[in-house]
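Sharing a structure below in structure tokens format, with a few things to ask.
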Amino acid sequence: MINDELQKRAQVLIEALPYIRHFYGKHIVIKYGGKAMVDEKLKRQVIADIVLLHYVGIKPVLVHGGGPEINEVMRQMGKQPKFVGGLRVTDEETVRIVEMVLTGSVNKELVELFNQNGARAIGLSGKDGNLFTARRLTPDETEGVDLGFVGEVESINTDVLRVLIDNGYIPVIASIGSDKDGKTLNLNADHVAGKLAAAIHAAKLIVLTDVRGICRDQNDELTLISTLTDEDALRLIEEGVIGEGMIPKVQACIEALKGGVEKAHIISGAIPHALLMELFTDEGIGTMIIRSGVS
Amino acid sequence: MINDELQKRAQVLIEALPYIRHFYGKHIVIKYGGKAMVDEKLKRQVIADIVLLHYVGIKPVLVHGGGPEINEVMRQMGKQPKFVGGLRVTDEETVRIVEMVLTGSVNKELVELFNQNGARAIGLSGKDGNLFTARRLTPDETEGVDLGFVGEVESINTDVLRVLIDNGYIPVIASIGSDKDGKTLNLNADHVAGKLAAAIHAAKLIVLTDVRGICRDQNDELTLISTLTDEDALRLIEEGVIGEGMIPKVQACIEALKGGVEKAHIISGAIPHALLMELFTDEGIGTMIIRSGVS
Amino acid sequence: MINDELQKRAQVLIEALPYIRHFYGKHIVIKYGGKAMVDEKLKRQVIADIVLLHYVGIKPVLVHGGGPEINEVMRQMGKQPKFVGGLRVTDEETVRIVEMVLTGSVNKELVELFNQNGARAIGLSGKDGNLFTARRLTPDETEGVDLGFVGEVESINTDVLRVLIDNGYIPVIASIGSDKDGKTLNLNADHVAGKLAAAIHAAKLIVLTDVRGICRDQNDELTLISTLTDEDALRLIEEGVIGEGMIPKVQACIEALKGGVEKAHIISGAIPHALLMELFTDEGIGTMIIRSGVS
Amino acid sequence: MINDELQKRAQVLIEALPYIRHFYGKHIVIKYGGKAMVDEKLKRQVIADIVLLHYVGIKPVLVHGGGPEINEVMRQMGKQPKFVGGLRVTDEETVRIVEMVLTGSVNKELVELFNQNGARAIGLSGKDGNLFTARRLTPDETEGVDLGFVGEVESINTDVLRVLIDNGYIPVIASIGSDKDGKTLNLNADHVAGKLAAAIHAAKLIVLTDVRGICRDQNDELTLISTLTDEDALRLIEEGVIGEGMIPKVQACIEALKGGVEKAHIISGAIPHALLMELFTDEGIGTMIIRSGVS
Amino acid sequence: MINDELQKRAQVLIEALPYIRHFYGKHIVIKYGGKAMVDEKLKRQVIADIVLLHYVGIKPVLVHGGGPEINEVMRQMGKQPKFVGGLRVTDEETVRIVEMVLTGSVNKELVELFNQNGARAIGLSGKDGNLFTARRLTPDETEGVDLGFVGEVESINTDVLRVLIDNGYIPVIASIGSDKDGKTLNLNADHVAGKLAAAIHAAKLIVLTDVRGICRDQNDELTLISTLTDEDALRLIEEGVIGEGMIPKVQACIEALKGGVEKAHIISGAIPHALLMELFTDEGIGTMIIRSGVS
Amino acid sequence: MINDELQKRAQVLIEALPYIRHFYGKHIVIKYGGKAMVDEKLKRQVIADIVLLHYVGIKPVLVHGGGPEINEVMRQMGKQPKFVGGLRVTDEETVRIVEMVLTGSVNKELVELFNQNGARAIGLSGKDGNLFTARRLTPDETEGVDLGFVGEVESINTDVLRVLIDNGYIPVIASIGSDKDGKTLNLNADHVAGKLAAAIHAAKLIVLTDVRGICRDQNDELTLISTLTDEDALRLIEEGVIGEGMIPKVQACIEALKGGVEKAHIISGAIPHALLMELFTDEGIGTMIIRSGVS
């Protein structure tokens, strides 16, 4: 007489227990981006997933960029976005717009979605609590192109994260920082996520992208590689198997692994509840990268 | 291409979120008994359910009796169990056996099941940490029958529960206590659960029984009453609708509600994962009792 | 032989001691706005003053708006700022721009200035940590005009402030909030400061404006009123002595005093180090409002 | 005029001060067994001694077995106790009885005695809080005899002891554990006490036996050895001076010393207040074993 | 064979247990004075007694005066001690000497004795940590005599005592204070002890004197009153039964009882270990004063 | 219109910010002595300076001697102060007077001055909380002269300082200690300050003297050396440039630097607010000694 459906639901919950137990009390850094940040429904699902992680005792940290919205605002302000080799050329006016959009629009929208889902989040950029200090890239580092106010994380000060997480807040971090002189710099969000994951000794880095993971043939999802080592990944970059758009994501994973993170994942944010599927099943749904030589 | 099954499982998890959020950090007292304590498979499922509650931030406290196993050991020791009006006549030798079986066999088996499920439990009786003090019932209180060493909880000292729960341990409590002179007393586990739920300001008391809940016609589960008030429940007892076996369970619920517990539930422990179904769905699967006059 | 100048400097420090002692460990809410937020030099001075307060054991909380920069960005985006009765008409696109500018540009610039001065600040809006929830004003409340997405603070949740302040961070709060449905609302920063000061039991609310304080004759600074009660202030509003631009500031002060704040001050942010002069001297430099009937 | 008796009593208390000071805040593991666990009066005295230790700032941990009571219950249940080489052959039914008697009868009686003496104790077995995990002994390890469900401690998890002791509870531990698969195992209580003493860095292990200590001639208490080293003890075992019954006690002492315990004692529990006499006088009343090469 | 003496000593210790348990964790204020502060042997015994109290979990606070040594130093400095009605006339030079002797000689000697007995004490006067503020007595309050710099405690600030006691230090307090203007005042040590006992909610105030307690006939110790109420005590003062020297001691006791202290004792410090005899036996050896109407 | 004077005062405060920030949360040991301890006005200024340091987040520890007052009391008591090679010959009676004056008069007066300035101080000698243990100097160590009860610090027990400072109290330490047998010893206050500064890892040791600092020509303040290394200082002692009176001060500085203190200063306590001038300006007003080889 008891509803079979209820029975099945209970069964699913109980099957999640070993995973919940495994990640209990651990930090997981999630790089949020791509379609999952544009589609309203996907956005709500990602946030709900993260709130669930929070309530079952996992400690998520969210890092985000926000390309599409930046371009839109730039165009509204009569400025044409410019890219060289896939990287945004960021003059002084552009960096101001990038910061405004990332920390004042994208970030606050995410924070509000946490409120709506019954969790408390705090939006941060590298400037808040001096979370991280960045360094402007020289043209030498960007193949001779002057990208303007573009930088990379130099040092991280995790105290503010510890304070917020210990008090039950979820940090939501925009990929904006400043250098020692206070100059605002546009940072690559994948890179920021990798660095932060290492700095807080996260158990996992999960990068949400628009594709299924690393595929042997980028045009055929059936060639998805489920697991590979960081050494394998480096070789695949050299061999050109991993395409340009995917390279910074893979590099962020490798950086995190080097810094002591146990496992890094590249999964598709376009699949509803991809986070839960990757974390709470053995098979997973994307690509997992592990350190070579570590069983 | 993604497995529909995985998708569905993630959906189930996310639908549990509002319930998890609602009970987060709250105490729930579970009276464990009946078939669910005899059937090996059911036993494992109940413990797994409780471990899940623990990991999603709920604070379960387990109270148990253990009738069938007591009778078995008594018979092995050449003693015939004796009941008057459904209550065990407990002479000095019997109370020694009851304590030995409840605290030394049933309790330790439950504690070990928690170990096997990756959670840490501590077995207690009323004697441990002086958790509760009891008082021997007089024949006047038991319709003229001298039940021997049978008593009821007089005062509760919740400090040991607070210490254990705050440090991540699940208390598993056998319904045995002692009076001021140190005499061991056999206590009714439903009653103990109701008193404890009130003492620790639990959000819920859940009584696991062998039937679906309170039914208008005890022989027809289709007459199950989903929700009723404590006043309704008292009337149904007076009217004889609630049968003798169910009365102590209902009284325990009423006692808990009086003591400030928000809701009390009587559900069937024979249904796999009944706990999760009752806690994590709106419909529930048994009977919920609420205070009259409280919306 | 000892430098007279050094001697004099030491003397000044020592004369600040009674004031430092008096405010030690107390919260002071500072509403930051006007010229002091436009002029680069004044901006640096205000932040340096607040950093000094922080280091001498006072607990400052900063609340800011940012009118001029909003207008500038709106114009860059081809939108004409519109005001009715001095209040900004805030349609959906406008509120998005207001939020972006206040929380993503003005707020982050202030936070960075704290970094440059050796203190750690965290930028917040009402959305972060659900610091406050707002309510959209109805046309009835705004003299029949539909101001759009404009609201007022309804409830405040001070936990995040406590956590940050106890851990040595200075909160910098933009006057943006959201209602229960997550809709972003533009709030009056004076009003937010007054409400917050009451909620955290601040010792003082200090409103930085562009004039010396409340003057009997707005065109003559020599008519400055040094001290008045909240009742006096209400009467002066009724009598039309206090002009329209000053009214919300005075109302914020009255609201703070009603909520238990000891003293409220309106001072000119255009005077270098006005904060220090008001806090660390008996005379003060602006207008102080106290509760009537409290000596 | 003042009572000489009172004077003398005060003198005795004051002479205990150097000993109290010396053991203040230190852990002492007491292996409780033999006549002192059978005789009602001795039992009360041992518990009173331990309560006194607790109140003067020492942190006692009690470990007990319970041979005689096990045999009695086995016989009541129609089972004949069987021993090979002094060790109990423990089939599945026997281990169930052993656990029931040790954790459900002996342990709870001790806990209740603490209640009666105004201290709060918590009864534990290896299963509670996963205090220790055991390993079943192979016939190879027991001279070719299959002793059944008999094991030895493999790993200890002291967290639950720390939590209880820090909160003012006295742990009372029955020598029952389980292996990784949850199988219950009968353990030697001397061995458990020795292992625990090492694990919690106890200052002392005190083994209560039925004889005065180690004697050169087991039949002549006048040949009692007051102090010897662990090396001496090993030699005496080899030479056959230390009899079979005493060997596990001496081995437990040696194991504790190896693990860092400062001193181990074997004393007679049949002497009233033997614990106090051993701890609070220089002479002591039994045998003290120290590490060789440590002054 | 076991030494009867050892046995007896253990018995004495165990008989102290109920008393130790009763006072465990409670504050006891001891007014130290009279012969017990002059005789070297008695001095050592009193300190040893207090160290014992400290180690068995009681929290002693010591208050002392120091008449004889003050007179001695005054004479060495060529000043003649002067008394009116038993009270020291304390001119400016005298108060300087009194402070110097009490806080710089008597107090430090006591502190050092604690060091020698293995406990850590901190010497304080009312000035240290602003422990108490005093008020100069007017001639009206001293029967028309101007006693000079003599005062009484006006307000007590127990924070420093809490900090020291919680960290394991024994406070040793000299009866010297200062008024609001910083003027040093000589205070009556009995009075200070009574006030402090009330302020810290002590379980007991014990006044060490040179006589057995309150006697019906001051010249006959056989007329000692073992127990009386505060009302009885007041009546005996009125009736002249209690002599002038004893009155301030009795008044201190009454003040302490009024402030919530459970029991106050007047005992002879000339009896070795009087403190232990009074605290650790039912009979006691002096006079105990209790509140009338409190059973 | 705004008072120029106010403006200037604010400017001075703000210019102190970098210094305040630099010393925030750090320990500074101040050796107090010389004229600054005799002149009433200077005394008040030094205490006010230290209270200011305390309120701006620096953690001062004061060490003092008290030569002139000792001599005065000795003479009042008919004893002639005797010095050999600048060191006081301290017989048993003298050491008693020295302790009485230092801990009972000088120390308490300083503590009271802190009360008057709104800060809470606790007076200590080496005996209190067993802060330090000393060792009597042998005639061999004092050029063949038997100086009597004169010693040097042997071991320091910083727990009491940590407890007091963490709870907001300022320790004021008299240079008196005791040896292992409890014998009181007169200690050199410079030496005590140097040892303590090293033991608590102070950022600075500041020695207040009666001269400007170390001068090449002691009779010409214009030859003041602003900065030198510890090696330079040792060489200047050997060369006789540093006079006898200054040597113990310089040695204390060197000892502190060896123990890890960052910088040591010798300044004139006769200059009003010398402490503030030295700490809060780059130039300083006396001599700063740094470790050689440390930039």
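First chain written, first letter: the chains are A, B, C, D, E and F, and each begins at residue 1.
By definition in this document, contacts are C-beta pairs under 8 Å (C-beta built on N, C-alpha and C of every residue); 3 or more make two chains touch, one makes a residue touch a chain.
Since we're looking at a predicted model, the values are computed, not measured.
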item	value
Count of contact steps on the shortest path from chain C to chain F	1
Centroid-based (C-alpha) most distant chain relative to chain B	F
Approximate Å spacing (C-alpha centroids) for the pair chain B, chain C	56
Distance between chain centroids, defined by C-alpha means - chain C, chain D (Å)	69
Chain E and chain F, separation of their C-alpha mean positions in angstrom	36
Where chain C touches two or more other chains, by residue	none
Chain-level touch network, classified as line, ring, star, complete or other	ring
Cyclic ordering of chains (reference chain D, direction chain E)	D, E, F, C, A, B
Chain F contact footprint on chain C (complex, rising order)	1-3, 6-18, 20-21, 24, 45, 48-49, 51-52, 55-57, 117-119, 221-222, 271-273, 276-277, 280-281, 283, 285
Touching residues on chain F, where the partner in the complex is chain E	73, 76-78, 96, 99-105, 107-108, 111-113, 115-116, 120-125, 127-130, 159-160, 163-164, 167, 169, 176, 178, 182, 184
